[in-house]
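Heads up, the next two complexes both have subunit A, just with different partners, subunit B and then subunit C.
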Partner chain A sequence: MTVIECRGLTKVYGGAKALNNLSCKIEENKITGLIGRNGAGKTTLLKIIAGYLKETSGELNVFSENPFNNLLVSANVIFIHDQMNLPTSLNLKEILDTAASFYEKWDHDLANRLLEYFSLNPLQHHNGLSKGMKSTFNAILGLAARVPLTLFDEPTSGMDAAVRKDFYRALLKDYLAHPRTIIISSHHLNEIEDLLEDILLMKDGKELLHLPVADLKEWAIGLQGKTSVINEWTRNKEVIYTKSIGLDQSYVAVRNDFSEVEWQKARVAGLELTPVTSSDLCVYLTSKTKGGIDDVFN
Partner chain B sequence: MILNLDGTKPIYVQISEWLENEILNGNVESEQKIYSQYQLAEIFNINPATAAKGLNILADEQILMKKRGLGMFVTSNAKEMILTKRKNQTLKRLVQEIVLEAGRLQVSKEELIDMIKTADIGEEEQ
Partner chain C sequence: MSLTSVRLTDVVKKQYLYKMKAYSQVFMSLIFIQLLAVLFSMNGVGGMGSSDGNMQIEIKYFSAVLVVVFTMLWGFITAIIITTKAYRNDDFVFVTNRTSSNLSNIVFLLTASIIGGITSMLSTYLIKVIVYYFFSDVSLKSTSVLAAPNEFFLGSFSTSLYIFLFCALGYLFGTLVQINKAFAVLIPAAFFGGLIIDGLRGNEGVIAKGFNFFFMEPSLTVFIIKVIVTAGLLISGTFALSNRMEVRS
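After this line comes the complex of A and B, so read on.
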């Protein structure tokens, strides 16, 4: 079943297109990673899905309904982000107690155990928490709500490495026990990619790639060797990244459409073939210019 | 086992290799039920779809077989199949890499063969 379906989705903020004719589908009970550079439109997309913003044009269906001003969508979606407006007059325990009445499948026991595990004081107020503790508390809300569609917008910002690791593990365990549709946006693909089933890569408000994580790892391949040999081999290939090493060596990343025979030949020709990690690939694909930071200094 | 997460080998391939090792060293016998995708996801902290992909590789190679509603089971000749496969694929590829590196270092074939022989003896003496 498709949980989210958008066609030609566009959102304009004062002349700038945050989303530009975006079309995508998110299937039920998958964990999807939403990846993209700053300003790619990730947060805008999540806000529109959650019904916080209205699209400028295009079509969007969440559980087959437009999410804006929609009670069905509100009851079945939780959007966790770092600017959550939680009541300042309630302490953490009271916030959890209140949240329990909003969500049908809320797991109060889990919320309390997580609160204790992460050493959050139930009597403290949300606005008195440090950045990392705020993120931790928000993440607990997101997990315990156990809604059919959970949206996490950079949930781990400010968390220390140990908490991040625990959060990912908690997310996976709760997902295994209670499968649901989850979207996580993050700048740290290497940290979350093992949790994900699919990746949605965005650039300039558009969908650049949307595929299973396993396929992403084989999408490109890195070649290293003599520049002249590399040029020969990459003449008809889709080159996504080039870097020269030393005097006459180069490293290039190309679209991996090599056959097994070509691989062998390339190895024999003295090229070193290496996989391109998912996070490197995303950086290469979403870079604004062909060069890189080095060009600024040249 | 801890998975190698640096991206050089797809996780699902590592899962299928780990399962093969479990079968080779007798932790899971033939005709026995193997780990489910959810157990694997829990053990290795990975998405269950990735774990399923690892299981499916072995099912395609008939090292595992699916029993409807019951899960996946190790086939009777799984061990032999794994051994043959590793000889034909893994070992062949490693040999090719050694030959290539030897070429770069200008080590002759005879010299290389001698090195392999002495490496063997070294292992037996230990």
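After this line comes the complex of A and C, so read on.
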């Protein structure tokens, strides 16, 4: 079943297009990573899915309904982000109790155990927490709500390394026990890579790639060697990234459509072939220029 | 995973219960503002005096009218406060849509108005007690708590309606300000401008007429109808305005 389906989705903020004709489909019970640079439109997309914002044009269906002003979607979606407005007059325990009254499948036991594990004082108030602890508490809300569609926007911002690791593990464990559709947007692809099934890569409000993580790892290949040889080899290839190393050496990332024979030939020609990690690939694909920051200084 | 289906009335009920708990500071400010009004009432709300050389008479009236006025102002401000981002966006953490959020706010304001109405009527007794102990030569209209229960309930009821009218007005103003910040300047400017023009022309202007329309109504039934219709219009205006509002933090 398709949980989210959008066609030609556009959102205009004061003249700028935060989402520009975005089309994508997200299937049920998958963990999808929403990856993109700052300002690529990740948060805007999540906000529209959660029914916070209304699309300027295009079509969006969440559980086959438009999410804006929709109680069904609201009851089945939770949107966790770092600017969450939690009632300042309630302490953490009361917030959890309130959430329990709203979400039918809420797991109160899990919420309390997580609260205890992360040493959050139930009598404390949300605005008295540190940034990382706020994120931790929000993440607990997202996990314990057990709604069919969980949206995490930068859930780990401010968390320390240990808590981040624990959170990913908790997420995975709870997902395995209660499969549901989860979207995580993050800047740390290398951290969440093992968790994800699919990756949705966004650039300038558009979908750039949407494919399983396993395919992404083989999507591109890095070549390193003499610049002249590299140039010859990459003449008819889709070059994603180039970097010169020393005087006459360069490194190039290209779309991996080499055949086995070509691989052999490249090795013979003195080229070094290396895989491109998914997080590097995402950086290369979403950068504005082929040479990255180096171009500014050339 | 199967979807959870929800009914609007259930969500409104849950939101109402949640708001009664989360917005508890509103009632703290009610207590504070009413005590302040009681204190101001000690100066008397009306009076007269005369003297003829060697004799001086001064008469002061004490009543809870100032408490009622302060409570109406409190209702107005409370309604504006709950339309601000900090409160409005709270709903969106949990299950909601704009209709349920507005409905639960209205029910909350109605509850607040009733509590405000009853407490301001009860403050009469506090004023009586204070006046009895601290002023000499007083004549109390009645010393028993419920000498005229009908009068008390009728008073509470109509005071609640007045407060609710101000809540509805504040709710609309607050929503307008949320839509465009310019209203924060325009509405007070229009109100005070209207007062000044009324004063300059020396005859009854729009604001004075509006005031008389509600406060000088002798018939209770007509008054109830007036308040319900006006509040209904204000609230439905708010619903229409806020139904397309986005959640921005």
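Note that the second predicted complex is superposed on the first by the 297 of 298 C-alpha atoms of A that agree within 3 Å, B and C clash if a C-alpha of one lies under 4 Å from a C-alpha of the other, contacts with A are read in each partner's own complex, and residues count from 1 in each chain.
Note that a contact is a pair of C-beta atoms (placed from the backbone, for glycine too) under 8 Å apart; a residue touches a chain by one contact, two chains touch by 3 or more.
Everything numeric in this text was worked out from a predicted model, so none of it was measured.
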**Prompt:** If subunit A is used to align the two complexes, do subunit B and subunit C fit next to each other or clash?
**Reply:** fit
**Prompt:** What is the contact status of A:Pro148 with respect to subunit B (first) and subunit C (second): first, second, both, or neither?
**Reply:** second
**Prompt:** Does the superposition put A:Gly128 against subunit B (first), subunit C (second), both, or neither?
**Reply:** neither
**Asked** Between subunit B (first) and subunit C (second), which, if any, makes contact with A:Lys47: first, second, both or neither?
**Response** second
**Prompt:** When both complexes are superposed, which of subunit B and subunit C contacts more residues belonging to subunit A?
**Reply:** C
**Complete:** Value for angle(subunit B, subunit A, subunit C) over C-alpha centres, in degrees, nearest 10, is 150
**Message:** Going by the contact rule set out at the top, does A:Phe63 touch subunit B (first), subunit C (second), both, or neither?
**Reply:** second
**Prompt:** Should A:Glu94 be classified as contacting the first partner (subunit B), the second (subunit C), both, or neither?
**Reply:** second
**Asked** When the two complexes are placed on top of each other via chain A, what is the minimal CA separation of subunit B and subunit C in Å?
**Response** 17
**Prompt:** Common interface residues of subunit A with subunit B and subunit C?
**Reply:** none
**Residue ranges of subunit A touching subunit C (in the complex, touch as defined)** = 28-29, 47, 50-54, 63, 69-72, 74-76, 83-90, 94, 98-99, 101-105, 141, 147-148, 178-181
**Item:** Partner subunit A, residues of subunit B touching it in the complex
**Value:** 3, 5-12, 38, 41-42, 44-50, 53, 96, 100
**Prompt:** Which bits of subunit A are touching subunit B when the two form their complex?
**Reply:** 30-31, 168-169, 172-173, 176, 190, 194-197, 212-214, 217-218, 267-268, 274-280
**Request:** Using the touch rule from the top, collect the residues of subunit C that touch subunit A in their complex.
**Result:** 1-6, 8, 11, 14, 17-18, 21-25, 85-86, 89-90, 92-100, 243-244, 246-249
